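When the chains are written out, they are named A, B, C, D, E and F in that same order, and each has its own residue count from 1.
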């Protein structure tokens, strides 16, 4: 029977002990979407050079967000992430921007939360950059896509 | 014609000038959902006292996340938020937890990003607390619900 | 009947609403002690110039700690503190160093937590600087000494 | 003859060189007390479910404080702590809450400061949560209780 | 006779008291240069679209650096900066990139340090982005160019 | 042909993958100068004991700045630096203060940016401490002096 690992038997929140684990290479990929108005998708995709690189700003914000994960998520272990990459796919007709974050570490715990935090931060930054044009944007479908490495084994997302 | 405010005419990212604005009372409410497995929703709702207060941890994380907004979102102004509150509604049959963040400020810029960051952080924290049970959770439908105060006037979300 | 202000009627942790309060000048003074070994008190007080300025480092740490208060204490409001000063009194015979922090603000909430955090940080830093000589140091008697300004009025500490 | 390790021979503050040390498992336990009024101890211990979980908030704050140690204490090395746990014992008749922090790392330096910072942060947070009821609370007797691992060997506190 | 304001009469470092000052609009402009190799200047200026926007990254880093000023500079007051803008001029023949930061606030203290920190951070980021090509880059001539507002009056830089 | 490592082939900013690298001991030394007025150099060098230890404050700020490097420079990897030391040489006749930062790590990436950030922070702090006396100070000639360890080999600065 699976149970919460972030609480002890008395229900106290704890940062779980990973000191005895061996460092291994772990990779996590998370993704998510933001749905925007036609005006926004047009402004983003039809930008001329340097006319305002929304996705470039969001990319940096996502990478920096990954580095802040253990500061933002209360019970996350600090981790020295070894790689972080954010990619975007723009689906113009659907007015949807898809963000994918890949984080890699050689460490004692996984980087799922780092990948999810990177995606969330990147999407929130797109919202911030475009909110003067449209405030009804919607962030959707943030989830862990895959994870490899670590004791709990590999994982691939199954949509509910 | 609405346009990006976070870029100048040459496409340079800027933190826009708000120094001449008068401080007014502004409120923003954002919300979002996380869909979890039956095991998770059961573990959260049927907790006995102090058996592990997932939502209590997420609530605190959301409030602290709101305070970090200008550190996380590159072009956000620093703001002295005057109130932050996170509420949850648990829809047990749908395996859905709904998070609502309300942020208030007496200041020169709005708190939309603070409310959205609070909601995102709270939902990410629920993911972190429960990921030992289920890794296929999905964060969905994060959006600004309402906003009042400020020059751009009141706003209510219209779903796309 | 006094009650918790950091919880709402349902027991949810909240950052209380201060947006409607008027900014006033508020001052808080907190203090505390660290008891050290004779070797440590001797090393601190008999330092020759630049032979290692323990209290100078602790002073800076205390001031910087005051600025981090809303990042460290979960439900504290962010505040633009207008002054912070740390003073030490060394009681050589008692092997005791007494730290006093005074913090001032023109704002909507008080600076009690800022003063207490400054004192704690300064004393922890003395511990860190001296722990190679003595690990049995003891931090004692941290309390709010006085507070002026704000709706709840002036306060002077009464030892229990 | 023991001497300051955080200063070089000219009295300059330095972060000491640990690069050549081998990582070993290290554990540190620190503790401390807060003395509160009868009203406060009653409000904390007689809370009904979710009527305001003061110690739950303080527990999280302590864990998050441990992660911030190298940011708060000027000459502390950054460390990837592998475990952090905060426990409380409530002595209702004495109006005393006792906090115990245990921090563990597989690393090149010890976690004494992390444990002490966790305890201090937890106690300061209790103060913050209860200060609307009583401002004369007193934080007392913060010290390192035990430490194991590392070149300097094991340590157990001897009260002065 | 001018003297240090960050020390009191006993030489203790203090954060000076600004609580009684009236908030006024203050602007500071700082600038500085980085000298790079021909390869670097060519790679930066002849970038094709999205081939790697070095200056875009540095621009964001500078703005975010300005927001961190009171966290980086020990005795700086926290400030809610109201505007931050970073501009670059590229002098291709001289292999020099000139960075200019303008920071504006409606507050009780000036933003000289924020502008200088923004420039330094932007130039350090250019170094980081280009150091795989050239490690002998040199950051030069960082200074406060102008400042307006505040009690000490307007200022224009006079080169020594 | 050397090229940017912080961008992928499509020009996206990335934190490069270092997970497969072996940790080795790496040292970097950076330096820089600040030119000040005669009044400032006199106030700094002729300080009596505790009359205001400008360089002591700057030294601490530099060490703390080194620890913040991955937070300040967008694409820097987080690193557990194992040593940081800041030295100053005062050239009274030239009204010049020379700062040297040495940073050491046992890790997968180098500490060039940590050393450069430490020097920049120390020099900015000197500016802040002395700006009430002279605002026309100039920070100059910040560069990487030497670096050892790591795949790219040893490096010694060649002035352009």
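Convention: contacts are C-beta pairs under 8 Å (C-beta built on N, C-alpha and C of every residue); 3 or more make two chains touch, one makes a residue touch a chain.
Every value quoted in this text rests on a predicted model; they were computed, and no experiment measured them.
**Q** Enumerate, in label order, the chains that touch chain C and chain F alike.
**A** D, E
**Q** Same or different, please, for the chain B to chain D contact, judged on whether over half of the interface numbers appear on both copies.
**A** same
**Q** Please identify which chain has its centre, taken as the mean of its CA atoms, farthest from the centre of chain E.
**A** Most remote chain from chain E, centroid-wise, comes out as D.
**Q** What chain is the most remote from chain F, judged by the mean position of CA atoms in each chain?
**A** The chain farthest from chain F, judged by C-alpha centres, is B.
**Q** Just give me the whole-number Å value for how far the CA centre of chain A lies from that of chain C.
**A** Going by mean C-alpha positions, chain A sits 37 Å from chain C.
**Q** What is the distance in Å between the mean C-alpha positions of chain A and chain F?
**A** Centre-to-centre distance between chain A and chain F: 31 Å.
**Q** Which positions in chain A are in touch with at least two other chains?
**A** Counting only residues that touch two or more other chains, chain A contributes 12-13, 49-50, 53, 56-57, 60, 64, 68, 71, 74-75, 79-80.
**Q** Work through the pairs of chains, note which ones touch, and then classify the graph as line, ring, star, complete or other.
**A** Topology of the interface graph: other, matching no listed pattern.
**Q** Determine which chains touch and list them pairwise.
**A** Taking the chains two at a time, the touching pairs are A-B, A-D, A-E, A-F, B-C, B-D, B-E, C-D, C-E, C-F, D-F, E-F.
**Q** Hey, which residues of chain C end up touching chain E in the complex?
**A** Within the complex, chain C contacts chain E at residues 25, 56, 59-60, 63-64, 66-68, 79-87, 104-106.
**Q** Report the residues of chain D in contact with chain B in the complex, numbered from low to high.
**A** Going through chain D, the ones touching chain B are 49-50, 53, 56-57, 60, 64.
**Q** Which residues of chain C touch chain D once you look at their complex with the stated criterion?
**A** Within the complex, chain C touches chain D at residues 2-7, 10-13, 32, 35, 37, 39, 43, 47-54, 57, 60-61, 64-65, 68, 71-76, 95, 112-113, 116-117, 120-121, 124-125, 127-133, 135-144, 147, 155, 157-160.
**Q** Per the contact definition, I'd like the list of chain F residues that touch chain A in the complex.
**A** The touching residues are 8, 12-20, 70-71, 74-75, 77-80, 107-108.
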